[in-house]
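Note that the chains are named A, B, C and D in the order they appear, and that numbering of residues resets to 1 at the start of each chain.
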Amino acid sequence: GPLGLGRPATPDEIAAWDIDVRPDGVGLPEGRGGVAEGEELYSDNCAVCHGDFGEAVGRWPVLAGGQGTLTADRPIKTIGSYWPYLSTVYDYVHRAMPFGAAQSLSHDEVYAITAYLLYLNDLVDEDFVLSRENFLSVRLPNEPNFKDDDRLQTETFVFDEPCMKDCKPGEPTITMRAAVLDVTPEGDGEGSLE
Amino acid sequence: GPLGLGRPATPDEIAAWDIDVRPDGVGLPEGRGGVAEGEELYSDNCAVCHGDFGEAVGRWPVLAGGQGTLTADRPIKTIGSYWPYLSTVYDYVHRAMPFGAAQSLSHDEVYAITAYLLYLNDLVDEDFVLSRENFLSVRLPNEPNFKDDDRLQTETFVFDEPCMKDCKPGEPTITMRAAVLDVTPEGDGEGSLE
Amino acid sequence: AGGALAAVGAARAAGDPAILELPDWTTTLGEGVDANPYGMPSEYEAHVVRRNVPWLTADPVSSVNFTPLHELDGIITPNGLCFERHHGGVAQVDPAQWRLMIHGLVETPLVFTLEDLKRFPRVNKVYFLECAANSGMEWRGAQLNGVQFTHGMIHNVMYTGVPLRTILEECGLKPAGKWMLAEGADAAAMTRSIPIEKALDDCMVAFKMNGEALRPEQGYPARLVVPGWEGNMWVKWLRRLEIGDKPWHHREETSKYTDLLPDGTARRFTWEMDAKSVITSPSPQAPITHGKGRTVITGIAWSGRGTIRRVDVSLDGGRNWLPARLDGPSFDKSIHRFYHEFDWDGRPLYLQSRAIDSTGYVQPTKDALRSVRGVNSIYHNNGIQTWYVNENGEAENVEVS
Amino acid sequence: AGGALAAVGAARAAGDPAILELPDWTTTLGEGVDANPYGMPSEYEAHVVRRNVPWLTADPVSSVNFTPLHELDGIITPNGLCFERHHGGVAQVDPAQWRLMIHGLVETPLVFTLEDLKRFPRVNKVYFLECAANSGMEWRGAQLNGVQFTHGMIHNVMYTGVPLRTILEECGLKPAGKWMLAEGADAAAMTRSIPIEKALDDCMVAFKMNGEALRPEQGYPARLVVPGWEGNMWVKWLRRLEIGDKPWHHREETSKYTDLLPDGTARRFTWEMDAKSVITSPSPQAPITHGKGRTVITGIAWSGRGTIRRVDVSLDGGRNWLPARLDGPSFDKSIHRFYHEFDWDGRPLYLQSRAIDSTGYVQPTKDALRSVRGVNSIYHNNGIQTWYVNENGEAENVEVS
């Protein structure tokens, strides 16, 4: 480059770090794995946090279910109900899971677990085997429901001239108060470890 | 005041904190003390650091002597050789000395120690007694040699247009190097406590 | 004790014992210059700390803590109090082992050491970093009783670093490169897709914050700075930048950091942080303790689209507004400090602030936001905050009609 | 270890083990958000600390330590690294017991608590504070081998506080009031006389630095800010301001902080800090370790009389000069950051920098200063600094012809 800084990356170095996967399949490694192997791997490595059926243990993330809840009062956002692309599952499970042992799973294992997560979300049958070859044939149901940022087009009221005087009638009335909920950690001057 | 902040200070509060003394005697309290009492007090409270004759122990400050050294290669700046006003001695000894027990001396004690410091600097006799009444009669010898800041009047070269090219002849030659002195503390990455 | 003593006997001096009796720190020596090679706050400031909300997350290792905004002033967040958000804990990266790789649609894929990075020309810029989930717990109504918790996922720091453009030019961008993937070296291997226009505009790779090395919690030894855009994109412990022709749609831009709307659709790539402000004092953690009279209201305002042109303050829940006094430097995409001084008559206050940025964007009410977005979008809640201050000066997080 | 392993066997991947082998911080979790309520620098930055010079003073309790300028960048000094100078140790003041008394030639002598102080209107300003004795050990020639020691009695901080004028107006100044005595609550009960014009111009009583409470070493809970003037006047642990008609000529403005000239006379009331600059890297503690090629020179410049208009850099001991690149905010009486990027051919460098301020004042050479002041004035040494950099990139504090 113009400043002569850095040095060329070797192909092996790029291969070592270039782990990302895209919706169009770019980045997917050679490999394959089915629902059955996935179930075994999942129950050994994932279920302790995410639950046997992806329903989550305690407050760990829910991975399955929730279909049809996106317009409900409390939506449940899972791979099946919310995620637009399967590539994201492969990419994320490999880069960040299991929590505490990131990037420890082999390619075949990630394919298998991804297949099993599809199965838990009722998107494939129990004999399904996922591979680089058939990866793009699986589409997640919520894909069509994402749109690019349109805040400035749809929320144009933020450009109205703001009112300065007598903007509302009557006296202010409290409609909700945080003190009633009482969910705020209480400071004791001893640090944040309450 | 315009903002209604604070509250009036009581006379006793002002008296408690208004300890400063000026060259014109403003701030001097009622009291008196002589060289003899001063010697006793000094030897008990001060000599351990400043030396029996104000000559200083180790690197603690020198308080006496040094007259005529201000133009020497290594000037010795003391009350007798450098300080312009006696009021500064009274003020400082009371507010800050003895080091570790500031503001512990009584008015009479400060007068006595101040008298003794004058004596150590050959400015009064051994029977001299200092008091508020005769304080202004003592002048320190170096008073006339202080003048107000005149840097911008006398160092006008700093406003010359700076040279940008070929400002000096020849190659640079090192005339002094810090490494030769070797007085720099050496960092060891373990904090500054070397 | 001094007060009781002072009352005994008419000859005693009249006044405040804090003045009449000399304290230890005036009469005896304090610690020397070798005691604290790296200094810390006064022991009397021990309550000024980042705090977390244990029930928010399953585990503090993938969680957040909050900047104590109610205790701060000016526009700089001190490094020790910059809120933390990470998804696999704080990576403790050895700077000697740190590498930055740039590859993909570039002429020459390159690897840089930290020393290499420091050989590029540097710039210094002050920017706010706000988590897109800041105020996210408040969509359904007033929930957390303290500005630290409602608004504390923000900090404002002076960065030293290298313009990303300069680094990318060193590799030579191919014309097909339209997107950049930034990836962290932490246990979450955090990734985000960033359009190349932004990468070439004002992004930086920073290695210093407020003068000293980045803190581990903020990505030591190097992080991406993405001015005005949501904090999650400012990838910490940066290890890799890949140039590509399409976005990656990774977990943090699909499952997370997309904004669910009432009709079940979701907005993605909502990068810019909208103009927002909040009164930091008085607030639930910083009540008025001095009673009636002269009172200082202060707060902060910021916008991901530019500078703050004006902040209005209301004492009556939005019925009437007055322009606040802005003070301190006004930097692009930086926190601005505002004040409103007034004489409090002791009657309850319904405090609100409203920011207007240099594009003319006016911070909306929470109800206005809800009318478009419902209450399930989690992110980008920049609605106007209300603090109710009662006759005793105690403040509470409320919503008002 | 990785390198040796990688060499074994032809099938091994080719490249840097720091890339080919995943580090712990990528595969295992780091600390959570509850681990560090108040954050600290990385363990790899443990060498970035204030340092003192034991032989300088009799006791570390009345002494100085130095800011590690060679490790810093930008213009903000982080609070933990602001140099310390005190005359009776660090006062640990209880803010509940802190009082500020203003008396003397005022209509109403007043006492303020810290809460009272915080009810005044506040301003936020960035100012450098330089000890008048900074570089004082260098009058006779190159002595200390590190910019931390030669120039580290300076810091640059964003203060939040109250304009002193506003506080004085609350008491009502009498026309005869021409001078102000500022006094500290520490064991030195530090005092300085300040002309009333300066007090009313830009002085502040500050209670926050870089956003958070003042540090104990810098005068917690409140200090005087005296922009552009020597650091000793910025009285810390401020307890009292007396208005008078004459200066006090106290110890710190007679015995100390007066400037002895060769003829035996001495200048007093030399308040303003002259324009000055120094290259912070490379420097003896920050050698060039990358060999030939692209090199970044960086440094700081400041003036007690205004802003910095220009900084020139010389690589050949003052024979030829090039204007440096100034970057980052330019505030009045604040540190400015400069850079000079160039391709180093590996030959020895004689590095100098020269500041020019907004009044046209040009930083002088040390010899020019000595020609007027001799070598015994201790204070106000703002002469041009030279670092000699040898072929290996090692730097040394030198003087050159």
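Here, a contact is a pair of C-beta atoms (placed from the backbone, for glycine too) under 8 Å apart; a residue touches a chain by one contact, two chains touch by 3 or more.
What you are looking at is a predicted structure, and each value in this text was computed from that prediction instead of being measured.
K.L.:
Shared touching chains for chain A and chain B?
P.N.:
Under the touch definition, chain A and chain B have C, D as mutual neighbours.
K.L.:
For chain C, which other chain has the most distant CA centre?
P.N.:
Of all the other chains, the one whose centre lies farthest from chain C is B.
K.L.:
How many Å are there between the centre of chain B and the centre of chain D, using C-alpha atoms for each centre?
P.N.:
24
K.L.:
Need the CA-centroid distance for the pair chain B / chain C, whole Å please.
P.N.:
Taking the mean C-alpha position of each chain, the two centres sit 47 Å apart.
K.L.:
I'd like the Å distance between the centres of chain C and chain D, where a centre is the mean of that chain's Cα atoms.
P.N.:
27
K.L.:
What residues in chain D touch two or more of the other chains?
P.N.:
16, 19, 26-29, 34, 37-38, 49-52, 54, 59, 61-62, 65, 88, 101, 111, 116, 119-120, 187, 189, 293-294
K.L.:
For chain B, give me the residues that contact two or more of the other chains.
P.N.:
Within chain B, residues 3, 5, 9, 13, 17, 99-100, 102-103, 191-192 contact more than one other chain.
K.L.:
So with touch defined the way it is at the top, what topology do the chains form here? Options are line, ring, star, complete, other.
P.N.:
other
K.L.:
Pairwise, which chains touch?
P.N.:
Pairs of chains that touch one another: A-C, A-D, B-C, B-D, C-D.
K.L.:
Considering only the defined contacts, which chain D positions touch chain C in the complex?
P.N.:
Residue positions touching the partner: 16, 18-19, 23, 25-45, 48-52, 54, 59-65, 71-82, 84-86, 88-95, 97-99, 101, 111, 115-116, 118-126, 158-160, 185-187, 189, 208, 210-213, 215-217, 220-221, 237, 289-290, 293-296, 298, 325, 327-329, 331, 337, 339, 341.
K.L.:
In the complex formed with chain D, which residues of chain A make contact?
P.N.:
3-5, 9-13, 15-17, 99-104, 191-193
K.L.:
Can you list the chain B residues touching chain D in their complex?
P.N.:
It is residues 1-3, 5-9, 13-14, 17-24, 26, 49, 58-61, 70-71, 74-75, 77, 79, 82-85, 87-88, 91-92, 95-96, 99-100, 102-103, 145-151, 154-155, 157-160, 162-168, 171-179, 181, 183-185, 187, 189-192, 194 of chain B that touch chain D.
K.L.:
List the residues on chain D that touch chain B in their complex, please.
P.N.:
Of all residues in chain D, those touching chain B are 46-47, 49-55, 57-59, 61-62, 65, 87-88, 101-103, 108-112, 116, 119-120, 141-146, 149, 166, 169-172, 181, 183, 187-189, 191, 239-240, 242, 244, 246, 248-251, 254-255, 258, 260, 262-272, 274-275, 284-285, 312, 316-322, 350, 354, 356, 360-364, 368-369, 372, 376, 380, 388, 396-401.
K.L.:
Mind listing the chain C positions that touch chain B in their complex?
P.N.:
Result: residues 13-16, 19-20, 22, 26-29, 34, 37-38, 293-294 of chain C touch chain B.
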